[in-house]
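Please read the structure below before turning to the comments.
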């Protein structure tokens, strides 16, 4: 089968010799929602602009629906881009903005009007169709940009931080809209963001980038619970890292000597070398907080040796979420949260408790 | 309790009034009143050596019955239109290059500075410099003959209407380049990328996006050029050998011979022409909004 | 491809444009080295010499060609430009500051001010001299009537420059100062003014340059004592000699030197700021 | 509550036709943390700006420490203000920013005192060592602290914060929340905090004031607002409820999920049924369900890290959200366009009705 979009050993070196993107490989299925996530300057926007055709590709092949498009200018690629600032034509009305792409294609006026009406209606822009976009709100402008891109029926929609310019309130609702729209249309979306919450919420797969390199490509949940590198572990989620030395390792179980004694973990990618330095990555969601009164035997039965005594500093109920701040014996602070139903009245601020986790809920990363 | 005190709003309004007052008074006294004066004096009675405020239409009748005067009105309008078109034609491509095509900010600043440097030479000397350029033995003829493009020197270059037009175009084209380049530089590059992304080629992007967005710059430039060309008298005086008489030239001669009333009539006509031109341009673009 | 081709075509065009712009100046420079005192302001060059430059500084023996009478005129022009610069910048800052608040009739006031740059100089000059001469009956001087017309011409430029600067000015820093108990006047002195100072400088530069070279307004309104442009204009009516070209070259070089120093200083400070920022990034 | 530090009485503010504040009345005690919640354009920021004296109200009075300050200009009020964009003085160093008000304000201090207090504040917000930096040479989080220190140096009894954390990224925002609360508790100053995030409002405020189209529509403790919003609008702004239109009559609510008993319904101007996202359950289409049953199709899910939100579409084309917190166990998974039946415990719903007592 052919993929909608393929990046094969894509590299980009700027004119002054600095590499921007190094050996980027990715195959995207039709209808997938892909996010490029990383800190600023990691090369995610450059990659997106290479796909759109605004940046030249130094090495590697870029294929859209099986066809190599490295040398096609942006106007001849079946991609459409949503810019961070939306880049609407300020001197045209909303309708003229949306019609522009069809005019260029030479669509018959009647046909164009029908298509534009349909997309304006779908995105709830009918009422503002004859107004210039400069007078509209951020959310509306974003929808105009979407309409302008979608009306030309691109194979792939590229989005460069499309939620970045919106205020926090609006972001959540627009985020939902975007997700539902993508599911509805079934077009491939490639989305650049530096906000992990957006990437986690929206995408089918996330490409985490750092300093021009791909660190990990995984579905959101896997990325969150099974980071493959220390960078990802620190960048994504709220992980606690416990370092130590591998003492024993086999297919299903590894044991690690740490400041909290011997800890058990199920290695998820390969069997680590014995004696190697490694870290256990513990997602906040994997950590169970148990009252100090829990009998030791019950703890051992469920969590093996993965039990650490701790002190609770802070408990705060925000809505139905209980936010817990606690300190491990080595003084390291850990913040986590749970549904209020789960922890109802079992914990007291200032008191002692246990943290525990199941070996399969943590990840081992060798250094 | 300061309940009787002025509200914050009223206090701010008072500050605004005091800030504006000096400027308004200055402009009223030294701009509006003088122009009103021109209108007023144009109806005064003029004798050979004297002028008295007895109302009369004599000067007006004299203006419209003299073909020299009426011709100068048409000459002024013709030269204005030609110079306006020429400065636009010469200036727009330059502005396009400086404002849009040059990506490096430093280079575009350097180019703009290059355009502005001639302004540090006195305006009158710049006008004068065209004489050895255009003359029968001038630089242009010398260069063209050296290159064997022409055999005989071109004589229409100096002391004709053409020399006035060439001179004015060179002197005023920078006023076109500046505002247009400014508007072009303000265009968000992403907008042009978005248009390309939607499949548009350069021609369409230029006519549908770039040109409309630069229009306010064109209008501002056109206003600058119009104001200066319509009020010109020095360039035409120095380069036409007194063959081209603009309204400005007539005002100068009339004032020189102390014919204040006639000078005022011409002044009023110039004001009216100016008013129509500026009002026309401001209909295209709201100057206040573009700032 | 299409765009790159267009860019090179435009590049060539701009080069031609620059030649067009500088042609007269180049010719003027060449002719300023004409032989003196007998060589005229035209080609061919009889013999290269710096006679006319020497003449400007009074270094040549007296001849039938009188030295340019520019000394006093230059000083008058400089004083007039300074006065104009200060007054129009102050007025410009005040009015632009007032325009930050919406008020009734703002359009009328806006166009009243902008009118100053839209009325041809001959008209303002004529009107002012009519007013002084025929109605009030006072004498015209460069430091009274001409000064008034100069300011009514440069004030709009200063106003527009300041308006553009203040439009982009983030008012929240002023509000922050007020909320710290600092009164509006101190806030203006300690916060607003330092922040808009670059704009004030360019408004001053604008006003100074325009006033220094202002001719049509001054022609009617300045009375007996001439300013520099009037003195130059005066030489038009008699025979022209290359000394005026030499004078043009010198004034241009002088202002160009000033501008370069300003540019280099700006460049250095920008580079220093950038280097500092880069160090911060690395740290 | 102790005596009010500050009171708004019937304040109204218009911009042309737009009513930014409509007869707003509220008060704040000393040493209180009040957060404002409402959609953008609800008048939150205008409210703060009226209190600060940056805007003048058309009607109503602003009273601070027993004094009517409605007509007092901002610089004579002694009320602190922290801006979303921080509004630091870009041409001054960190220490000069913090000392600015002490130096040029109403009661200028001697240099030694300015220096002492500025350093004290810089220590308080944890910026020791950065005193001489320019404010463009420090990070966003540090700028936020400078803004706070600059305001607190004046020892105001009331500090207004306009989305103070809005410009910070998510990680930093969490940390700054805790810090902001801690600093306030140490100084015992009253904070009025405007935020666009309902989470922030609930987490930070001792009391929460909900605004809508310029009107204050509910005031109460955070838990009170969350557990019992007094109107469908408040429930909507909390962003945690599926809201269904229907008819409430005689103790029953009839909606797209059938007719179910709704004891304890609240009086409101329209009939709305609200059920929290995390109270929804999805079961197979054929299951026998007691109480509400809503036929729906699964369309998408969003992973939030600590929770999963599933989106369903009902027959009427409405989108319904269901949240499962991962601390409660492994989440349900769905196939694309899978049909489900959504249900919940009706006792956990909040019902609004015109006919309610």
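The chains carry the letters A, B, C and D, assigned in the order they are written, with residues numbered from 1 in each.
What we mean here is this: contacts are C-beta pairs under 8 Å (C-beta built on N, C-alpha and C of every residue); 3 or more make two chains touch, one makes a residue touch a chain.
Bear in mind the structure is a predicted one, so any value in this text is a computation, not a measurement.
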Next on the checklist: Please report the minimal path length, in steps, between chain A and chain B on the chain touch graph.
Outcome noted: 1
Item to check | Shared chain contacts [chain A and chain C, defined touch] | outcome: B, D
Next on the checklist: With contacts counted as defined, which of the two, B-D or A-D, has more C-beta pairs across the interface?
Outcome noted: A-D
Item to check | Inter-centroid spacing, chain D versus chain C (mean Cα positions, whole Å) | outcome: 54
Item to check | Where chain A and chain D are represented by their mean Cα positions, the distance between them in whole Å | outcome: 26
Checklist entry - Counting in whole Å, what is the centre-to-centre distance of chain B and chain C, each centre being its mean C-alpha position? => result 16
Checklist outcome for this item: Check: chain D positions touching at least 2 other chains come out as 53, 73
Checklist entry - Touching two or more other chains, which residues of chain A qualify? => result none
Checklist outcome for this item: Multi-partner residues in chain C (2 or more other chains touched) are 184
Item to check | Complete list of chain pairs which touch one another | outcome: A-B, A-D, B-C, B-D, C-D
Checklist entry - So in the complex, which bits of chain B are touching chain A? => result 188, 190-191, 193-201, 204, 208-209, 212-213
Next on the checklist: Could you list, by residue number, the parts of chain D that touch chain B in their complex?
Outcome noted: 53, 55-56, 67-68, 70-73
Item to check | chain A partner contacts - residues on chain D that touch it in the complex | outcome: 39-40, 166, 169-170, 174, 178, 196-197, 199, 202-203, 222-223, 226, 238-240, 276, 278, 299-300, 302-306, 309, 311, 319, 325-328
Item to check | Sites on chain D touched by chain C in the complex | outcome: 52-54, 73-81, 83, 85, 87-91, 100-101, 104-107, 136-137, 147, 150-151, 154
Item to check | Residues of chain A defined as touching chain D within the complex | outcome: 167-170, 172, 175-176, 179-180, 183, 194-197, 200-202, 220-221, 224, 237-238, 284-285, 314, 316-321, 323, 335, 337-339, 341-342
